[in-house]
Each structure stands twice: as C-alpha cells, then as structure tokens.
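The two complexes that follow have chain A in common; it is paired with chain B in the first and with chain C in the second.
Our next item is the complex of A and B:
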C-alpha cells in the first residue's frame, strides 16, 4: 500500500508542464512532471500498486506495474509518498 | 580595526573596518551622500586586514573577513582595496541575509514598478541598469534585488555599480558627468571601475517597487526576445538566489509570487544600444 505524504506537509503549485512542490518536512523543493502530481492526488487515500495501476495506468501508460513501481519508489525515497 | 566606515545601502547597514586608510578614504568619498546605518547599528561587518603584520607594508595584501567568511579566499593587493570592500559587503549579503529573498539581479524602477534583470556575471545586467538610469529610470541596484517576504515588493540596494572591461568605456561615454571610482586593472574579473549611483537613486533608495517585468539578458547574439515559461523562470530564479534554500517555505512563497505574477523574457542583444531598445519595447508593451 502507498499513500501520499500528509497534505499539510506539501505545497503543490502547478506552473505549466511542470509542477513545483515544496515539501515542508524536508524543506526541499521538487520540480516534477506528469504523472507525479496525478499520482500524489490519487494517493490521497492508501492504494495498492494494483489498484493504482488500474486507476492511472491507462491514462499515463503505466499499466506496466514495473514502471509504476519505479515511480512510486522515487516518491517514497523523496518523502513525497510513503509505503505502508 | 585602525580605520572604520559605516554606511547604509537601501535597508542594510554595513561597517567596514580596515588595517589601511586607503580603502576607507575611497569608500567615504564614493558613498559620501549615503546615510549611516539605522540607529548607528550595522547589520553586517566587513574586515579588511593583513593576514601577517608585515603585509600592511610589504606588498600589502588585503584579506577579506567579516561576520561570515569563505575560507581560502585569495587576498587582494592594496590597489584593489575598494574592490575588496565591495566583495566583502556582497559576501555578507549572500551568506547571511535572511530578511529578504535575495536575487542576483539588477533592478531599475519607473512609475513605481520595478524591472529586474538577472544573469551570469558578464550578461550585461550592470551595464544595462547604468544605461537605463541615464534615460530616467531610477537605479535600484546592480547586484542584488531584495524581495520582500511579506508583500513581494522589491527593495533597492543601490551600492556602487561594478563595471567590468568593455562596459567601463560604454558607461563613461554615456554618463560623462557621473562619479566613478578608480579604474582597477588586473582584478580576478579583469578591469573594474565603480560607478556611483546618481542622486535620484540615493534619495529614493528607501522606496520599494512592485516587480513588473523580469528579463534574462545575454550579450553577444543577434537581437531576439522570447517569453520564458514559468517553470524555467522558477529554475533560473532558484539558481539566481543566494538564500532561497535557507529561507524555506517563505522563500518558496516569494519565488512563486514572482513566477506567477511577473512576465518574463529572455533577451539576446548584439550591443548595448539594441538592448536598451529591446528592454524599453518590452516595458512599453506591458
């Protein structure tokens, strides 16, 4: 199961194709592209990899679970999401 | 320290102490129309000293120190004492300023609105600011724009303008009546000559201005302007800020306010006359 970091810890500001995210817990600014903002939005509730893939996979060509897992690992490493 | 000079530039008070009288005399002359620090208390202290006692006299070498110091900074010869003082003041700002978001940018003002120009050393931002000041713009500064963390306005920091190499003669010809510091040859950045901001810049230095246009000038190309997308502005400004990371979320908010609210363009220019025309055309089109 994965879940986005608590909303109170994130400032998410769409700029154009890129989105600026200020992570209050680490003080680090991230500049991210799609599908990261969409992943974080979907993970406002805890989801398994399979359910997340189902929800976002078709739209973002992430139905390949491996690619999605790689993106999620990056988010967890950055602190923007957590693995439950 | 043997010799001392206090000055306020915009909202920031400095105290410069020196083992030698020369740099202090030059500072007193060039900053003669500037006020003292508020309540006599400087925000930052710069010290110009001889690392070894005999270096006051034998091939005198100025080591720069202050509240904040970069280790291993190479000392400068006494003939470049003014440069050492200016470098020391910039260093304190870059390392320790926390009241404003600091952008490495020049700024000029017209009708209460500020034009910011940011770029690498050599991009022409100092030269352009000097030339625009000759055309009625109020010079706010050539090194740092101080962005207010509460309302996003830009505070002036009109220290001496640092003109380098070819820019020196361009500005001397455009502003023949202006006051200049000594021409210093063979500095780490080539020839340097400081320009004293005009009376308008000094008298109005307490007046902030709302940023209205952001430009990224580059010298040496065919004349061209292009809008810069918000994400690129964001990245360039984080790189142009010396204290963005230290300010945390307040820095993020201040930067986002600029990115979202201030139109931004890159301008390539083949010569300074073209640059002034390009800048004023973009301003008039706002």
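Our next item is the complex of A and C:
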C-alpha cells in the first residue's frame, strides 16, 4: 500500500510543465514532472500498486504500466509518499 | 465482430495520456540549500518508533525491530518523537521520558532508518548540514 504525504505537509506550486513541491516535514523542495502530481493526487488515500493503476486508468491512458512501479519507488525515496 | 479498438475515436473520451517515463528515468529533483534554516522543519517533523509498517514490533537493543514480546527488547514508543527530540538524542542525549537503555535502542533504530521508511525524511533532514 502506498500513500502520499499529508496534504498539510506539502506546498504544491504548478510551474508550467513542472511542479514545485515544498515538503514542510523535511524542509526539502522537490521539482517534479508529470506524472508525480497525478500520482500524489491519486494517493490521497492508501492504494496498492494494482488499485493505483486502476484508479489512474479511469482518468488517463497509461503509457507504460511497468514504469508506474518505478515512479512509485521514486516517490517513496523522496519522502513525498510512504509505503505502508 | 471487432477487436478492442486500438485507437479511441475522436470525441469519445477526454482522457489524456499519462506519460510514466522510462524505468531508469527520474521525475523528481530534490533541492535543499545547505544554508536553509531547518529549525522549523525539525520542530514539525516526527519519527515513529517503529514506523507504521512495523507497528507493534519491539525494538531490540541493537535497534532492529523484533516480534512483540521478545525478551530483552523494548515495547514500541507510546508517541512519535519530534525532530528536535531525536536531534538531541543523536547528539548523545536521551529521548524524553525514557530510560537510558530504551533510548539507546530507539536511537539505534532511528539511525538505521532507510529511505522510503516512514520517518526517514525527518531523520535525513536532521543529518543535513546546517547553515
């Protein structure tokens, strides 16, 4: 199960094609590209990898399902999401 | 009789493509000036011992999570520690309201936190150079 950091700990500012995310808990600013904002929005509730893919599939065409796991790993490593 | 449509007819949907990128690529760049003041984030971030993924586990004297009830290990902390409390403990102090041996075990657990573990980002921010 994966879940995004609590919304109160994130300050999210869209910057054209990029998004700046200041993580108050760590004091670290992350400059992210799509699909990171979309993943964070979907992970406002805890989801498994499979359910996340299904949820995203309702709204988007997913280009590559395999890469989704890689993006999730990256999110977790950054601290913007946690693996429960 | 027809197969699944390989192309979506125009106007049939408003879904847009979500490009997930290559497996080895990166979608996140993390920035933190060495001179940034970290006092605010240290006072607001928290570390649970153990983290939620290992809730209920005891902490052995060497800091490893072990099954609940393991002899010689310590029960989970009753509340999360703040970054400030952990910072003082890492500098050789005691975690507040906790006896020495238990504080040592908890501190060792926190030092072993890995990237991706709940609490790691808070711990990492304590390790960053101060301006």
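Quick note on the criterion: the second predicted complex is superposed on the first by the 75 of 84 C-alpha atoms of A that agree within 3 Å, B and C clash if a C-alpha of one lies under 4 Å from a C-alpha of the other, contacts with A are read in each partner's own complex, and residues count from 1 in each chain.
The criterion applied here is as follows: a residue touches a chain if its C-beta (ideal position, glycine included) is under 8 Å from a C-beta of that chain, and two chains touch if they have at least 3 such contacts.
Bear in mind the structure is a predicted one, so any value in this text is a computation, not a measurement.
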Touched partner set for A:80, first chain B, second chain C, both or neither: second
First, second, both or neither for A:15, with chain B first and chain C second: first
Which partner, chain B or chain C, touches more chain A residues: C
A:27 touches, of chain B and chain C: first, second, both or neither? both
Contacts on chain A seen with chain B and repeated with chain C across the two complexes: 24, 27, 29, 31
Contact footprint of chain A on chain C as seen in their complex: 15-32, 36, 38, 40-42, 44-46, 52-53, 115-118, 120-122, 124-125, 128
Sites on chain A touched by chain B in the complex: 11, 13, 15-18, 20, 22, 24, 27, 29, 31
For the chain A and chain C complex, residues of the former touching the latter: 9, 23-36, 38, 56, 59-68, 70-71, 73-80, 82-84
Chain A-facing residues of chain B, complex: 229-231, 234-235, 238, 245, 248-249, 252, 256, 259-260
